[in-house]
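Below, each structure is written out as C-alpha cells.
Presented sequentially are two complexes of chain A, the first with chain B as partner and the second with chain C.
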Partner chain A sequence: MKKFDYHIPKSLEEALSLFKSLENAKYIAGGTDVLVNIKRKKESPSHLISLRNIDSLKVVEKKDGLKIGSCLIHQELLKIEEIRTYYSALYDALTKLGSKQIRNVATIGGNICNAAPSADTACPLLVLDAQVVIFGEKGTRMVPIDDFFEGPGTVAKEESEIVTSFELPSFPKYTGSAYIKHTRREAMDLAMVSAASRITFAAEDQSLLRDFLSSKGVEELDKELKNYPLFVKEARIALGVVAPRPFRAKKAESCLEGKFLNEETLREACEKAAEEAQPRDTIRGEAWYRREMVKVLTKRTILLSVKRAIEMCS
Partner chain B sequence: MTFNAVGQKIPKKDAPLKVTGQALYIDDLELPGMLYGKILFSKYPHARILNIDTSKAERLPGVKAVVTAKDFPPNFRIGFMKDNPPLKGNKVLSTRDEIAAVCAISPEIAEEACELIDVDYEVLPGVFDPITAMREDAPILHEELGSNVLKLPWKLVCGDVEKGKSESKYIVEDTFTTQWVTHCCMATSGCIAHFDINNNLTLYSNTQIPSLAQNDFLEALNALGLKNRRVRIIQVTIGGAFGSKLDTYPYEYIAILLALKTRKPVKIVFSRDEEFFATSPRQCTITKISQGCTKEGKLTFREVEMILDNGAYTSWGATTPSVMMMPISSLYRVPNVKYEAKCVYTNNTYCQAMRGYGNPQATFAIESSLDHLAEVSGIDPYDLRMINANQPGEITPQGFKITTCGLKECLEEVAKRLNWREKRGKGGGKRGVGMASLIHVGGGARVYKSDGCGTIIKMDDFGKVDVFTGATDIGQGADTVIAQIVAEELGIPVEDVNVIHNDTDVCPWDVGVHASRTTFVAGNSALYAARKIKARLTEIVSKILEIPQEDVEIRNGIAFSKSDPQKSIPVARAIRRAHFTTGGSMLMAEHFYDPNNENLGKDFKGNLSTAYTYGTHGVEVEVDTETGKVKILKYVAAHDIGRAINPLLLEGQIEGGALMGIGFALSERLIYQNGYLKNGNFLDYKILTVRDAVPVETVIIETDEKEGPYGAKGIGEPGLVPSAPAIANAIYDAIGVRIKDLPITPEKILKALKEKAGTGNKA
Partner chain C sequence: MKKEIKFHLNGEEVVAEVEPHWTLLYFLRNVMKLKGTKEGCGYGECGACTVVVDKRAVNACLYPILEVDGKKVITIEGLSKPDGQLHFIQKSFIEEGAVQCGFCTPGMIMSAYALYEEKENPDEEDIKEAIEGNLCRCTGYIKIVQAIKSAKRRQQ
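Moving on to the complex of A and B:
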C-alpha cells in the first residue's frame, strides 16, 4: 500500500484548513472504502485527514425530526430508537450494511459521500427526504439528498467541504417506510438491486387503517387492498444499483401519490419503476434479472411500508 | 467395547493457539536477513514473450535479485505431466503465468520492482473453453504435444452397457455442468526458502505433501546443479488446504531460486488477490450421463462422458477422473458401467485437487440423473435409492471390496428426519425435499507407489509420549485424533501425548494428507507403533510387579495387575526403573503402516481403498418464486464413518463440508472471461458467510470397520460430496424445474420458471 501521512484534527475548521494547506489530501472517516481504494491503487492520496475525532460530527438531535452526525458509525445509529420507530427504511439499511465488523467502523457520512450506486443508506435517505448539511469555507449549507448524488462516486460538494450531518423531517404517524436489499449472501455483500419506499397516508384514513389491522391483520395485505380504499398522500420510491446513482423513481411515485392504493396502482408503480431503472449486465448480476427484481422489490417494499404505517396507527 | 480416549469430544489441540493469535503461520514467520519475493504474472492469457527487460528493477535500491526463465536450467519443468516451467521464457499460456520474480529487503520494494519490469508480448489468440480447444483450428497451447487433449486415457468399462440398455424399461439422459470453485483458505499460499552453508535447503511450507514435496525439491536442486543435498520441509501452522497444497507450485521453486541466488532466506506469500487468481481451483466439468432401470427400479447401466477444463498446465488435478470413476461405478449397485473422460488444455487457470477430488462433480450428475430416473419410472427417489443401495460384502464392478457399508441406514435416517413421506411432492410449489448419497474412499487410497505412513514413538521418564508422525495437520485434527488413538492404546491421558507432525527431519514418510486417509492410515500407523511400545512397557511392569505380562493393564497412567489391582505402579516410575539401571533402556518404537489396498490397473479396476465410506444428505428448501432465491430450511447429513474417534471434530468436518457443498451448489464460482478472473475477491466470490450458514444436523452411523483404527474410516472429504445434488433435487421437488448447471443462482431458477410457465425469457 502506498504511504500517506495521517492527520487527526479536532474541529471542522482545523480539518478544513489542513485540507487547504496540504497537497493531494483526502478526508477519511471509517476508512472502509478509502483504504480499500488505496490498497487497490484506485486512488493514492498523500495525506489522509481523519474526521473521527471531531465531536460535532457525532451529534444526535431529536427535535422536529432527527438530525444525525455524519461520523456516527452504523452500529451506533442502530441504537437510536427513533430510527427504528419512525425511519424504518434507514433502520433496515443499517442492519444490512456489510457486517457487524464493518458497521462498527463505517460511518453514514462515508457511505453517502462514497456515493456508490449500491450504498445502503442512500435509498432510505432519499425516501425520507433527508437534507445534507455541508460545511465549507463559505459556512454551512443544506442540499436535498436527491440533489446530492451526481453519479457513481461523485456528489454535489467541493472536495474541501465536509458533510456534517443529515436532517430528517418528522412525518405524520400514518407513515411507513422500508428498505429491501437483494443480495446473494446474508452479509458482506453488495445489493444486486435495492429499493426503499415511504408511504404517508391521509390523516382522515387513520380509522380505516385501524380497522384494517383489527379485521384482517397485515399478513393478508395485498389481497385485502381492494376492500380498503387507502388514499396515498405521499409516496417515495428509491432504487439502488440500477442506475449510475441511487435515484428516486418519480414516475413510479406518481402512480401512487394522490391515488388510492390498490392492486392496479401498485402494479403500475412497479412497472414504472422497472421502466425507470437502467440496469446493466455485470458480473454481479444480469440486467434482465435486475429489472425483474426492481418490480418485485418495489412491490415488497411498498407493502412493507404500508404494513408499518398501519401498525403505527394501532 | 468401552473406550477412554476414543469417542471423546476433545477440542482440537491447537485451537487455543489459533483463537488467541499465537499460532504461527507462514506470514508470521521472520528469519534473520530474510528477503521478500514477488512474482510478475503475465498480462495476457496467451502470448509469445519477445523481450523481458529487468534492468530498471535491478537498479531499484533494496532489490537483491531479479530472476527470469533463463535462471532455471533449460527444459526444467514441474507438475504431473512435467509441462510447467516455473518461470516462462517463450510463451505464456494463462494470466497466472510467472514471467519474472524479484526479491528485496521489503515487500513494498519487491512489489515496486515488479512494476518496473518491462515485458514485450506478441499476443496470440486464446482458447477459453474445452469444446473450442478440441476443434481442429484451435490454437495449440503446448505446440510440442500437437493437441490440446491431454494424453491421459481415462476409460472404465464394466459389464456391457448396451446389454444394460436393452434390459432397461426406463432410460434418462442429461448433461450437467459444474463451475470453477476455489478453496478460500484462510491463510494464503506461501513459503520461506533458506539454504545453509552446505547448500542444503530448508523450506518452511504449508504443503499437504511434505514427503513428496521433498522429492520434488530434491529434483529441482539436482537440476540446479546441487547434487546430493538435503531438503528439509518444516510445516508451519497450515491455515487450510482442502487439496490446494497437494502439489508443488512455481512460487516455491522461484523462492528456492531466489534464496540460492542471494544466499538469504526468501519469503513469498500470496496476497489475497494472488491467492484467487494464481492458485488452482476445482476443475469445471461437462458431464453427459445416462442411466436406466428395470420396471422394478433395479439399475441396469450407467454411461458417462465427461470433459474437463484442465487449464494451461497439468497438476495432480488432472487425475480426478480416476476418483470420479468411484461413484460412477460404485455408488448404488449398477452392473454395467462405461465412463470416458477427456482433460483439455485451455488458456484458463490450471486446476488442482479440491476436497472430494472430482467426486462432487460426478455425484452431482449421478444423483441428479437418478432423481430424473425416479420421476420417469414413477418410483419415489428414496425407494429407488433403497432398492439399489450398496451392501456390506459386495464387490463393485470396478473391483472395490465393500467391507462395512451403512448406506441404507444413512438413507433411512435422512428420510426419517426429513419426514420424507409426508413432505415429498407436497410443498405447494414453494417447498421441497431432496436427497443424495455418496461413496468415498475411507481406508486410504493407493494412488502412489505407497499409501503408507510412518510413526516413531517414544516415552520419556515422566510417562509422557512423543509421537512423530508422517501425517500432516491442515486443520482437520490429525494432531488430536492421533493423540487419542495413542492414549487409548497406552492407557494414558490424551494430554500426555504430544504429536509432532511438521518436520521431515524428524518425522517419517507419508504420502500426504489427501483421500480422507489420515485418521485411517496415520491412525493405524500410530496405533501399531503404540502397540509395540505397550508390549515393552507391559514387559517391564510385569517384571517389576512380578506378575504375568498378560495380567498387566494400564489405565490413566497407572499400570496394575488385572487379577490383583492392589499391585500397581505409575507408568512413569516403571519407565524410570528401566531407564536408570545397569544396561538401561528407553522406550521407543516405530511402525510403518501401508494399507492392503491396490493401485488401479490399466483398466482402472482394483480395490483402491481398504474401506469405503458412505453417506446421505437430505435437504428441505423453500424457493422464492418471484426472486428465484433458495432458502435451506433443514439440512441433514448422515455418514457411515466406521467409528467416531472424536465426535466433535467429526461433526466439524461434516458441517464444514456441507457448508462448502452448499456454496458449491448455490453461490460460489470463479468468473473467468477470456482468461481473466473477474471476481477474485471475497466481495464478489460468494463463499458463504456465517450469516448464511445453516444448521447441519449430523447423524453418525458407526459400522465398526475391522481394518480401521478402533473401527474408524475417513471423513475429511465426504461432507461436501452430495450437497449439490441433494439441493438440486429438493429444488426440483419444490418448483418442478431442474437446474443442471452449477451454481444454482436465482437468475437460473427464475429463468427456468419463466420458461416453464411459457412466459418467455427476457435474457
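Moving on to the complex of A and C:
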C-alpha cells in the first residue's frame, strides 16, 4: 500500500486544523472504503486524519427525535432500541450492510460521505428526513440529506468539513418505514437495487389502523386496502443504485401523499417510481430487470411500512 | 516516519515501532511473524484475516495499525492454552471435519470466537450472521456451521 502518515486527533477542532495544515490530507473513519480505495490506487492521500477517537462524534441524543453521531459504528447503532422501533428503515439497512467484521468498524458517517449509489443507510435516511450536521471553519451548519448527495462519491460539503451527526425528526406513532436491499446472495453483497419508504397516516385514522387485520400477512395487505380507506398524510420513497445517487422518487411520493391508500394509488406509485429510476446495465444486473424490481421493491417497502404503522398502533 | 504503539496481543503487552500506513494484518504477519492470520483478498471481502480487537471481529487487512494502540488483540495463535491444548472451537472444527483446504479456517474460528464472547448460546441464525463475512470456497459452510454450533457442548 502507498505510504501515508496517520494522525489521531482527539477533538473536532484539532482534526480541522490538522486538515488545514497538511497537504493532500483526507479524513478516515472506519476505513472500510478509504483503505480499499487506497489499496486499489483510486486515491493516494499523503495524510489520513482519523475521526475514530473523537468522542463528540459518537453521541446519541434521544429528545425530539434522534441524533446519532457520525462515527458510531453500525453494530452500535443496531443496539439503539429507538432505531429498531421508530426508524425501522434504518434498522433494516444496518442489519444488511456488509458483514459483521465491516459493521464492527464502518461508521454511518462514512457510509453517507462515501456516497455510493448503493450505500445502504442512504435511502433510509432520505425517507426519514434526516438532517446532516456539518462542522467546518465557519462553524456548524445543517443540510437536509436530500441536498447532501450530489453524485457518485460526491457530497455537498467542503473537503475540510466534517459530518458530525445526523438528526432524525420524531414521527407520529402512526408511521411505518422499511428498507429492502435486493442482492444476488444473502450476505456480503452490494445491492442490485434498493428501496426504502415511509408512510405516515393521519391522526384520525388511528382507530382504523387498530381495526386493520394486522394478523394478515403483509402479502395480503394490498387486497385488504379497499376495505380500509387509509389516508396517507406523508409518503416518502427513496431508491438506491438506479441513479447516480440515492434519490427520492418524488413523483411516486405524490401518487400517495394526500390520497387514500388503495390498490390503484399503490400501483401508480410503483409505476412512477420505475419511471423515475434511471438504471443502467452493469455486471450486477441489467437495466430492464432493475426497473421491474423498482416496482416490486417499492410496493413491498410501502406494504411493510403500512404493516409496521399498524403494529405501532395496535 | 515510524511511530510507537503499545497494545495487548494475545494477552501479552507489545511495544512496537510501526509505519503509519501499515495495516494490523501486515504487522501481525511480517513483524510478529504470526502467520495464522491469512491474507485472502486484502479488501475486507473474504474474512480470512479476521482477528478480534476489543472483543469485536474485524478484518485485519483494513485495520490501520495505529488504531490498535491501547487495545486488546486476539489472533488464532492466542486461542490455545500455553500447554498446546486447543480452544473448544478449534477442537470442534477438527472433530466435525469442518476444515478442507484450511485457508479460511483461522478467520472462521476467530469470527466464531467473537460470537461466543458475545453470546453464550448462539443459535444457527447468530452463527450464520457471525460468519457472513467469511468466505469458504471448499465446504459449502454446512460443517462449519455445525462445528460452531456443537462447539459449546465440547467445552463442557
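Miscellaneous remarks
Throughout what follows, the second predicted complex is superposed on the first by the 307 of 314 C-alpha atoms of A that agree within 3 Å, B and C clash if a C-alpha of one lies under 4 Å from a C-alpha of the other, contacts with A are read in each partner's own complex, and residues count from 1 in each chain.
By our rule, a contact is a pair of C-beta atoms (placed from the backbone, for glycine too) under 8 Å apart; a residue touches a chain by one contact, two chains touch by 3 or more.
The structure presented is a predicted model; accordingly, all values stated were derived computationally and were not measured.
Using the contact criterion defined above for the overlaid structures, shared-chain residue A:Arg284 touches chain B, although it does not reach chain C. Of the two partner chains placed by the overlay, only chain C lies in contact with A:Tyr6; chain B stays clear of it.
A count of residues in chain A touched by chain B and by chain C gives the higher number to C. Contacts of A:Ile28 after superposition on the shared chain: chain C is touched, whereas chain B is not.
By the document's definition of touching, of the two partners only chain B reaches A:Val296; chain C does not.
When the two structures are aligned on the shared chain, A:Pro172 is found in touch with neither chain B nor chain C. By the touch criterion defined above, A:Met188 reaches both chain B and chain C. By the touch criterion defined above, A:Ser99 reaches both chain B and chain C. In the superposition on chain A, A:Arg52 contacts chain C only, with no contact to chain B.
In the superposition on chain A, contact of A:Gly153 is made with neither chain B nor chain C. The intersection of chain A residues touching chain B with those touching chain C, taken from the two complexes, comprises 1, 99, 186-188.
Interface residues of chain B facing chain A in the complex, by the touch rule stated above, are 108, 626-628, 667, 671, 673, 678-679, 682-684, 686, 688-692, 745-747, 750, 761-763.
Residue ranges of chain A in contact with chain C, taken from their complex: 1-6, 8, 28, 31-32, 35-36, 39-40, 48, 50, 52, 75, 98-102, 104-105, 186-188.
Put simply, chain A touches chain B in their complex at residues 1, 99, 182, 184-190, 283-286, 288-289, 291-293, 296.
Within the complex formed with chain A, the residues of chain C that make contact are 1, 3, 19-21, 23, 42-45, 47, 50, 56-59, 62-64, 66-67, 69, 111, 114, 128-135.
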